[in-house]
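What follows are several structures.
Paired with subunit B in one complex and with subunit C in the other, subunit A is shared by the two complexes that follow.
Coming up: the complex of A and B.
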């Protein structure tokens, strides 16, 4: 009866929120039971050691913040990518994708919930890499804590949005896992995850500005280094804007893909 | 009366029936078919090769960050050579797939021993791994200051082949162990690969680590073959020193091959005894 007096948009919003919540809870359960989904968190400590060792071997302790930040960002992107690909692919393999799409709850909402859960868990990568570095005697101070936390929040938002856009792409293809693999290291380079994009050739730099990670990595790195943070507002706006664009594209593509596969009957293995 | 046709796969080999090598050769057919089903020439080139080359460049760029051309070269060679080992480690994934797809019990029940089947099952990764490192080292490498003379280049290619075959031994043993603990299959592959990156001289020299870590590194064939390739790139002629490293890698890998074969036979024996080989996990 409550539903009857609520405006349509409120009902839709509540339904969407339920979908997000269901997806989130489902993903958290899945993560607990599937060690493979946590692979990036398992490899992060070793990768931290790899990057820290390179810096220490070259006597460049001053670059320790780069070495500690990179594995955390790798975890963030890797887990988002894995979820966006595996979510659709696993449902497809399981034969449950059709049921999920046909269910009354919004499919994009369920996917968004799952991606949100993974993004939240992947933030543990930051704690891991900082802890591992500290264990080997490399302590990286957070010089601008406010900027650091703010940068993490907007980065998490943009990561979740990008993953949604990728999930939309993966609904349309049966080669999701191949794409997943391909979209790792090229993005790490363009995102300046380890090496700032200023070190790349000039002709690539404009392209890097379309990758939210390039803004995120730059801002987070600045928050770890002494000296004032340059272009704070510009960085935050760019990250949020790229996130919003990804979300809009993702939402649109998912709806479009669902309409197409419903019409053509090509969603599953048939 | 209709003519009888055989539905048995065509495993034409001159090797005598009942021999282990016949099973190995037959199993390689599966490997090539698997590879053809996974990649097209276009998806391998643009997708797989592109991704690996990006990975190699990612590590070389750290050298730029350090402001050292020598480090660019060092990291580039390490990452390029590691690509061969990394691909070879995919043996674990393709081997364990037999259990996921429910064919392991059939293999255990067949007259052939288990180890020849798995020895040939994943050979597709050998040429693929050698090819990616070859492109990275010889085609893109010069852009990062990595150059070889013709003779050293040919010798390096040979060492890459040895690296792939010797790392295959390690991966073969790992696959045999992981077949008992399927949930760890991706962990085993990824942790092995990053451990190699960490301690085998890929990103920092072996001497960076304490002696006990160096001893662990010696268990990876790449530790020895990578030293040989670095010597060749530096222009050291393939003399006894280089051959010594290659020979050590071969000896280390023989131990891994034996461990793998014995583990697989034990898996089959214990599976028959207690019925622990189920059709799928």
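Coming up: the complex of A and C.
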């Protein structure tokens, strides 16, 4: 039995890796030639200027980590929602979905590769925010660099996983625009992007704990502040766990959507 | 289908040609029935089927237009398990074969429809498929590009590939196919050699006589109607007659008779696929259902 299963597993793993790699490389090439899909990165410096200006005018230099981190997290979520979320539907609209499904590599893997590429590029928002803040004289020190880098890595993972779930949701509901418009501000609030979740009403807190961004924003912020990092393991586990759950839901929904459109004959409908 | 054959799938819009292609390429699941490619079931053994086939859908959609032709093919090559030097060699060979090598590094959005269709074919060939499924590959192409494309397809047969091609164009089917199958409403009506199509086309040719004087119309209609094999004669506009034939040799006899009657503005037209369906298939009764 083991010998029968192993080669199939190996073939599937190879097919998956091939799909991720091909999707990632193609997405990076396309993003280079599609500035319209990178508009979120254009807004990051402007938002940083606004937040930093408000902070300086109110004499609240202590809020610098908040002012600089918020635009970066906004870009991260916006690109997950707008750019990554569109990946499956865009293939459908482009007429390439059928050929992708008929190819030997795993289709969800190709989508995962594309989303990884978008997520990696969206991390540039952090560099932009820090750079713009520095240009106006606000330097935000990274007090715990190890925690900071680790937090960024797990945040990127969870973002990509959430984007996979969003892409699957959008293609199943055929209502991507409606979701993209409604899932921005609620998530900025629940994710503690603009205001730390502890400042929100108590009854909202349980809800915020289901949003990986709330754990991520808290952990990244702690890495920028003096003093020990509270609940490091708890934060990392929560972020990774929420990412894994999103990934599982996304993978399941994509396979389900594919099955449905293959059965209904609507796979090529744009 | 035997291996190494070019098989045409003919049928009007909605006949089920594209649906069949999508089922064979594992893109759609059949509601009933069973199909195999090289012995592999298209529903239960999709992974094996996908490694064996290449599929080309007609039209301009399906390419990544902001990427170059080379980048498009490199992406598909990776999905078919080709990497590094192997992928580069394969991509270069296909670009050269399809005549795209000089513009391989330009964005696909700058390509003509014919070039895009050739790129589609290159994509279909990237995995070196044993079976190639072409769904209306020449749709929208100009005649010269379509002729080039047909030449390319016939050259693939010599490599031992099996090709299933759908088309609306009977002359295209005659030109490239070893056999053709006519389908309608998802049902096979007949499988014939292309020469049979030629017979149908000749048999059901239509003659158009124009510029008849008003006093000529009635005697010409009467004279032509008497010819054996003439199915219908009607005046479609003042001074213009349309003669439908339904037997071998009827069209030349109509032409001769018109000339004898002093009508010199005449032309013959080939029936389109829908007319052949209505008149040939419709008349075959039970035989076409076998």
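Just so it is clear, the second predicted complex is superposed on the first by the 262 of 270 C-alpha atoms of A that agree within 3 Å, B and C clash if a C-alpha of one lies under 4 Å from a C-alpha of the other, contacts with A are read in each partner's own complex, and residues count from 1 in each chain.
Keep in mind that, in the parts below, a contact is a pair of C-beta atoms (placed from the backbone, for glycine too) under 8 Å apart; a residue touches a chain by one contact, two chains touch by 3 or more.
Just so it is clear, the structure is predicted and the values come from calculations on it, not from any experiment.
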Label the relationship between subunit B and subunit C on subunit A in the superposed model as either fit or clash. fit
In the overlay, answer first, second, both or neither for which of subunit B and subunit C A:182 touches. first
In the superposed arrangement the C-alpha centres of subunit B and subunit C open, at the centre of subunit A, an angle in degrees to the nearest 10 of 80
Is A:263 touching anything from subunit B or subunit C once the two structures are fitted on A? First, second, both or neither. second
Report for A:206: first if it touches subunit B alone, second if subunit C alone, otherwise both or neither. neither
Contacts for A:21 in the overlay, against subunit B (first) and subunit C (second): which applies, first, second, both or neither? second
Would you sort A:228 into first (subunit B), second (subunit C), both or neither based on which partner it touches? neither
For A:110, using the defined touch cut-off, is the partner it touches subunit B, subunit C, both, or neither? Pick first, second, both or neither. second
Touching A:102 in the superposition: subunit B (first), subunit C (second), both, neither? second
With both complexes overlaid on chain A, what's the closest CA-to-CA approach of subunit B to subunit C, in Å? 9
Based on the A-chain superposition described above, do subunit B and subunit C contact any of the same residues on subunit A, and if so which? none
Could you pull out which subunit B residues touch subunit A in their complex? 43, 46-48, 50-51, 54-55, 57-58, 61-62, 64-66, 68, 71, 75, 183-184, 186-187, 190-191, 194-195, 197-198, 203-205, 208
Report the residues of subunit A in contact with subunit C in the complex, numbered from low to high. 11, 14-15, 18-19, 21-22, 25-26, 29-30, 33-34, 94-96, 98-105, 110, 259, 262-263, 265, 267-268
Name, in rising order, each residue of subunit C that touches subunit A in their complex. 19, 22, 25-29, 47, 50-51, 53, 55, 57, 59, 61-64, 66-67, 71, 74-76, 78-81, 107, 123, 127
Can you list the residues on subunit A that touch subunit B in the complex? 35-36, 39, 42-43, 46-47, 49-51, 53-58, 60, 63, 66, 175, 178-179, 181-182, 184-186, 188-189, 194-196, 199-200
